[in-house]
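Have a look at these structures, which come just after this line.
Here come two complexes built around chain A, the first alongside chain B, the second alongside chain C.
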Partner chain A sequence: MGAVISTLIGVILTVLGFFALFFTLNRVLDLARTQWSLFTGALGLFFGLLVGAFLNGNGPGGGLFTIIAGGVVGAAVGAGLGQLRDLPATRRAEIADKVRPWVFVGPALFAVSITLIIPVIRTAVLALKDRGSENWVGLDNFKWIFTNDDLFNVSGVGDIFTSRLFIVGVIGIIVGLVLARVRGREIGVRADFENPSTLGWIGIGLTGVLFAMFTVLSGVIWNNLWWVFSVTIFATGLGLFVAAVTNRMERGEKVAKAIIFLPMAISMVGASVIWRFVYNFQPPGETQIGALNAVLDVFGRDPIPWLIRLPWNTFFLIIVMIWIQAGFAMVILSSAIKAVPGDQLEAARVDGATDRDIFWRVTIPNIRSTIAVVVTTLIVVVMKVYDIVKVMTNGEFDTNVIANEMFDQAFRFTQAGRGAALATVLLLFITPIMYINIRRVQEEAALR
Partner chain B sequence: MTAKTDTPRMQESTGQSLGGRLFKKLSQGGTKVIVWILVVIWLIPTLGLFISSFRTEAEIKTTGWWTWFTDPSFTLDNYDFVLFGTGAGAPGMGDALLNSLAIVIPATIIPIAIAAFAAYAFAWMDFPGRQWLFILLVSLLAVPIQMSLIPLLQLYVGGAHIGLFGLDLTIFPDLDLQGTSFSAWATHTGFGMPLAVFLLTNYMSTLPRDVIESARIDGGDHFTIFWKLIVPLSVPALAAFAIFQFLWTWNDYLIAVTFVGTAENVAPVTVVLANVTGSRGQDWHILTAAAFVTMILPLTVFFSLQRYFVSGLLAGSTKG
Partner chain C sequence: MKRFRWAIALFAAFALVAAACGGDDTSDTTADGGGGDVGGDIGIVEIFGPETAVELQAIKDTLAPFTERTGIKFIITGDRSFQELNDVRIAGGNPPDIGVYAQPGKVKDLASRGEILPFPSDFADTLKADFDPFWVELVTVDGEVYGAPGKADLKSLVWYDPSAWSAANYSIPTTWAEMLTLMDTMKADGNTPWCVGIGSGGATGWPFTDWMEDFMLRIHGPEVYDQWVNHEIPFDDPKVIEVGNFVVDLWAGDGNVFGGRETIASTDFGDSGLPLLEGKCMMHRQANFYGNFWVDPERSGSNADAVFGPDGDINVFYLPTISDDYGTVVLGAGTHLVMFQERPEVIEAMKYMASAEYAQLRSQFQPAGGFLSPNSKQDLDVSFGDDPFGRALGSIITSADPFRFDASDLMPADIGAGEFWTAATSITAGNTTVEEAFAKVEEVWKDIEG
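So, the complex of A and B:
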């Protein structure tokens, strides 16, 4: 308890000190209008302290004395210069107005520079150096990533044609395309791709083909892409479904939503423990205490070691993330659905459209941009998945992902270069999303 | 608003057959049933963990947790052991809870203060590079934190030095910060900043312009306006971000394990829980109780302040 109380006091002091500093900086700026030489003196004090601290760390040393001496000298020089060269009042006010915004944004920019901007640049540089960050190695670390069989392996690609999922997927796509053509002819266009059943068939088909691809390709990179693809598709789909249905429920909407949303509050480490229990495996013949194997037991099937059996164990880990993120998608999409203009829905109803048609032809087009937001957010979140893999399998049994490999390379095997290169690959995968986000903010700024 | 009055007229005008209406009812009922099945599936994993945490070791290992419904039993021994137990193999969750608080409290409060200043400037002050800097912050929203881990750890462990003209200059001294809660909350402060500034700027820029302009005409300077006007008006957004940041830092594992590590006197709950999973992965009486201990606080915050959390989520993502 003592630790928490001292932390609390520390936090309060830090925040108060921070506010005091901020307040002082603002008041010092006000001095520029009224008492010019005091202002220049304060500026001198600031730079003097910085120089003192620098000298303390490099060369002379001398601790607090050096720092304070630096401050005093700086203040004296500043005040003297201010006395020597005064400026007209309007010019001084102008200076104060120009500097003030930087007092407001300065602390945030400082925090972001230290923790994000400088490290990102440095990591990109480290990715081009060797394990001790001493010699330049060009793109060798990236070459290592894409030639290492554990990381990037395409040798199984031939197996895709014998995969049942692949065949089912191809059939799905063909059925979807034929349907689109037929429906299109009915309403007089070449192909109707806005039809729910057309889209459904093509979607299922594509998912099947991609899943077949991910089951035959192995390696950390492919696993990561499988994660991103599956969570995005299933969490968005489930979230959309639950949002659409619960929004029309008279009773139980809140309860249903709260339960679907609940995993968002749980840490991924906690969620991993929860699901390890669900996937628990005991040898055949013994009592199964994991829920899934108990269900298999009821049907007289042998238990399955879910987390070990290739290649689907990766997908069983992915389910944990879907379980967490579906609630996120649901909440965002639900509010978007509720914001669909009532007169459009009404007009569609008057025209005799069914609920299904209204959903696909009015609601969905209206919430398209929100769906895009959910999808991009999920891609960003899932791309850097780490905790679940770390806790559930520690990346073994071919379930490893980029972030876990990055952590191991950088901090366990002291391969700074390889770790940095893996992080950079993550960043490169995210770059298109960053571009989309920036465009969206620019559009909004233009509207404002 | 119109739906209520129009529904009966609509049914008349479309003139569906009895069969059509019956089919509609059934399919609507069908989707509802599917949703409730999903809800049950979503609840089962957590429920199983929760129930198991109150069963004895022997019970957990010999029977499934669902037998609890027919054969209820109750013990707090697991919680007693994971929270206060001593000796070999005791996870020490009690200490870990305090360690978590020591990271989470500063990591929640300090970024809010810093971000509020910046958000005010982005929303209501004019300065060169304003748009450009805001876009820079937005683009940082998506940067994977893995990009920062290696250089930040080097900074915390060895300080920052540059070689200039053959001299080795220290910019940041080696304060040996790895293994302290400071390293975690300082990192969280920086990582939370883009979202905080983004959320708060969006919120503050929707505040009525005339209120702020009339305050300026009355002679209020930026600092007074910020303190007396903007901060009180922005409480909903500040609360939304606070909950966000609280849940995020409490549930964080990667930053904690990288910078704070596993030492007993600093390791937060997520790190301890992950360690227990590694070392005692089949001792479900410990794992279930330990996992639930890590969830109590976030679940409480989540359910009591869900409204703010949801509004923060919406503001954060529907806008970018």
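So, the complex of A and C:
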């Protein structure tokens, strides 16, 4: 109890201290106009105290004395400099105005740097060290990631040509291309890639080819990419579909949307436990308590051990995430669809456009930026998927993902270097997506 | 000038707060050396381990008389992810006073890194006298003892239903040849010999490693077992592969296991034995702690008041040996208590927790063989009273010859709690062969040895 109270008091004092610092610096800035050398003296005191505290922690020590001595020396030096070099009043005011914003963002910057920026840098540094973080090993940890069969295995790539999915995918792409050429000729261009059915065929074809690729390639990194690709495509697609359909419902729109959105309210671990029951497998001949195998049982088919059959067990885990995230995509896209200007829809209708044309050529272009937001958010969320895999298979049966492997390496196998390297790889995967997202938001802001 | 004074006052206040915080930090560090994170109170010992629920309560109950006698109080926390969590606490400079480790390899690792402290020589001598030297050697580094044996798990056990066996006229096999004959008889009668499941959440795969260890001891003996554990023979050595294939053939053999391989791979070990109660299989090879599962109302429903023992509802027999050359080999596992702080009350507590008195008392709080101590000084009459079942288990573990500790707990965590489990799951699911999987384990093991 005593420990709790003293910790609590410590936290309160620290917070108060921050407020004190914040107000003080703000006041000190006012001094710049009238009491120049006092201002420089105060600045000197501030940096002197910091240097003193640093020396106390990292150098000779000495406790309070070192800190106070640092402050006194800093104040003296600052005041002296201020006396030596006086500035005109306008220049002083300018300096004060330039420094003031930093005072205001200071606390936030400090909090973010100790909770985020410094840990990121430290992780990147640890990734270059060995398992005990003692010796430098260069890029060995990264080399290990991309040469380890459990993590990154391309040996199965030859099997892709015999995969039925691959063949279906290629046919889809060919049909799409032919269709593009035919439609293009009709409207007098070389190829029409803006037609929904052309895009549909090519999209389905590409999905087939990529799925074929993910089923033949094994390893944690390929699994992760399969997750990102599948959840992004299916959750966005499903969300868009439901949003478009419910938008036209005369009754029950709210109920339908609430039901689709419901899984969002369930924690990842809760959802995983639910789906473990859905996929539950009992020996043939026993009562099937898993929903899917119970259905198979009704049709007289043998039960399937969904979570251990390669390679599709990974996809059965992915479905859980799609189930959760489709609701998120639906809500965002639905509000975007409702915001499409009515005059555009009306104008299209007057011109004789069909519902399908209106959807693909008016609605979709209008919500394009919202789709991009949904897609990028999903990519970032799915990239770091951990809970579902941890709860449902713990990454066994070749279903592992980067985040779970990172945890195992860093905390179960005490391979700090490898864990940090995996974290860094995850960060590097996400960074370009974040960058593109920020750039796009900035461009949009510029257009307005 | 008034505003300025106000600013100075605030600044001075902040400086004081900063200094006070700095002061706090230093006092914390000194407290760590002496008083741990309990605020320096003398007489409080913090224990952190993997025990939860029933086991945690039993520890608390067993420590209560000690607290009454000596005034030493305890803060006891348990978490299934104890090892990962404690690694973080160690790295943060805030370890508990006493930690409970199930992996002797981990204890040696902590000892060589100087994170845990060696025992005073009088305590080390007591341990050597009270326990089979084997238990103490597991946690001895450079002649210093770093761990006190806590509990023992007995693994070479086969559970069966005595009434079903006597109805079918089966008798307990004492050799492997008898076991094979019995399995054939069972299949001829339309019964399924075994129930197996390897699921275990974050540790899925370990039951396979237990089977392999038991049969490694039975096929090649303790010497090869030790070479395998210490990586003196490669993991893909023909002997290791032979044992792996022995287990797989046993499991995959037609009608040998209830539900077949895919059921083994997708069934949680805690649920895997329960079909035995419905007569869907005849035997379940699992450690003594499975006793808790048979009578867990949430798992086995109406069986919650089952009676253990030869005349009861559920009983065990010793998994027969294959060759007479290696003696009565017993596979087991267990925990060791380690010391992060050397204070008089911590050592007193450690001594109590390694004593025969503690072993006897705790066995009474966890009946039906729920807690076994390897302490050979304990009086089995006191520990198990009129519980013949617990006494039978207790005497197996205190008279084992030779006893061997769970191999996967002795191997480095990357192997014993990582690659070996992964190999076990892929082999069981039929996604890879024993040869391929073990070659991969060997590759990883070589890699971490650098």
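As a convention for this text, the second predicted complex is superposed on the first by the 333 of 448 C-alpha atoms of A that agree within 3 Å, B and C clash if a C-alpha of one lies under 4 Å from a C-alpha of the other, contacts with A are read in each partner's own complex, and residues count from 1 in each chain.
Please note the rule applied: contacts are C-beta pairs under 8 Å (C-beta built on N, C-alpha and C of every residue); 3 or more make two chains touch, one makes a residue touch a chain.
These figures come from a predicted structure and were not determined experimentally.
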Chain B versus chain C as contact partner of A:Gly17, first or second or both or neither: second
Chain B versus chain C as contact partner of A:Lys390, first or second or both or neither: both
Which of chain B and chain C A:Thr414 touches, first, second, both or neither: second
Which of chain B and chain C A:Ile430 touches, first, second, both or neither: first
Partner chain(s) touched by A:Ala291 [first = chain B, second = chain C, both, neither]: first
Partner chain in contact with A:Thr246 - chain B first, chain C second, else both or neither: first
Partner chain(s) touched by A:Ile187 [first = chain B, second = chain C, both, neither]: neither
First, second, both or neither for A:Ala446, with chain B first and chain C second: neither
In the superposition, chain B vs chain C on chain A residues touched: B
Partner chain(s) touched by A:Val120 [first = chain B, second = chain C, both, neither]: first
Chain A residues contacted in one complex by chain B, in the other by chain C: 3, 10, 14, 23, 30, 57, 390-391, 394, 411
Residues on chain B engaged by chain A in the complex (per definition of touch): 1-3, 6, 10, 13-14, 24, 28, 31-32, 34-36, 38-39, 42-46, 48-49, 52, 60-66, 98-99, 101-102, 105-106, 109-111, 113-115, 117-118, 120-122, 125-127, 130-131, 133-153, 155, 167, 169-171, 173, 181, 186-187, 189-191, 193-194, 197, 205, 221-223, 226, 247, 250-254, 258, 270, 273-274, 277-278, 281, 284, 287-288, 290-291, 294-295, 298-299, 301-303, 306, 310, 313-314, 317-320
Complex contact set, residues of chain A against chain B: 1, 3-4, 7-8, 10-11, 14-15, 18-19, 22-23, 26, 30, 54, 57-58, 98, 100-105, 107-109, 111-112, 114-120, 122-124, 126, 238, 241-242, 245-246, 248-249, 252, 255-256, 258-270, 272-278, 280, 287-289, 291, 294, 323, 326, 328, 331-332, 335-336, 342-343, 345-346, 349-350, 352, 354-355, 370, 373-374, 377, 380, 383-384, 386-387, 390-391, 394, 402-403, 406-407, 410-411, 416, 419-420, 422-424, 426-427, 430, 433-434, 437-438, 440-442, 444-445, 448
Residues of chain A touching chain C in the complex: 2-3, 6, 10, 13-14, 16-17, 20-21, 23-24, 27-28, 30-31, 35, 38, 42, 45, 49, 53, 56-57, 63-64, 67-68, 71, 131, 144, 149-150, 281-284, 286, 305, 307-310, 390-391, 393-394, 396-398, 408, 411-415
For the chain C and chain A complex, residues of the former touching the latter: 3-4, 6-7, 10-11, 13-15, 17-24, 26, 37-39, 41, 83-84, 87-88, 109, 201-205, 258-260, 262-263, 265-267, 412-414, 417-418, 421-422, 425-426, 429, 431, 440, 447-448
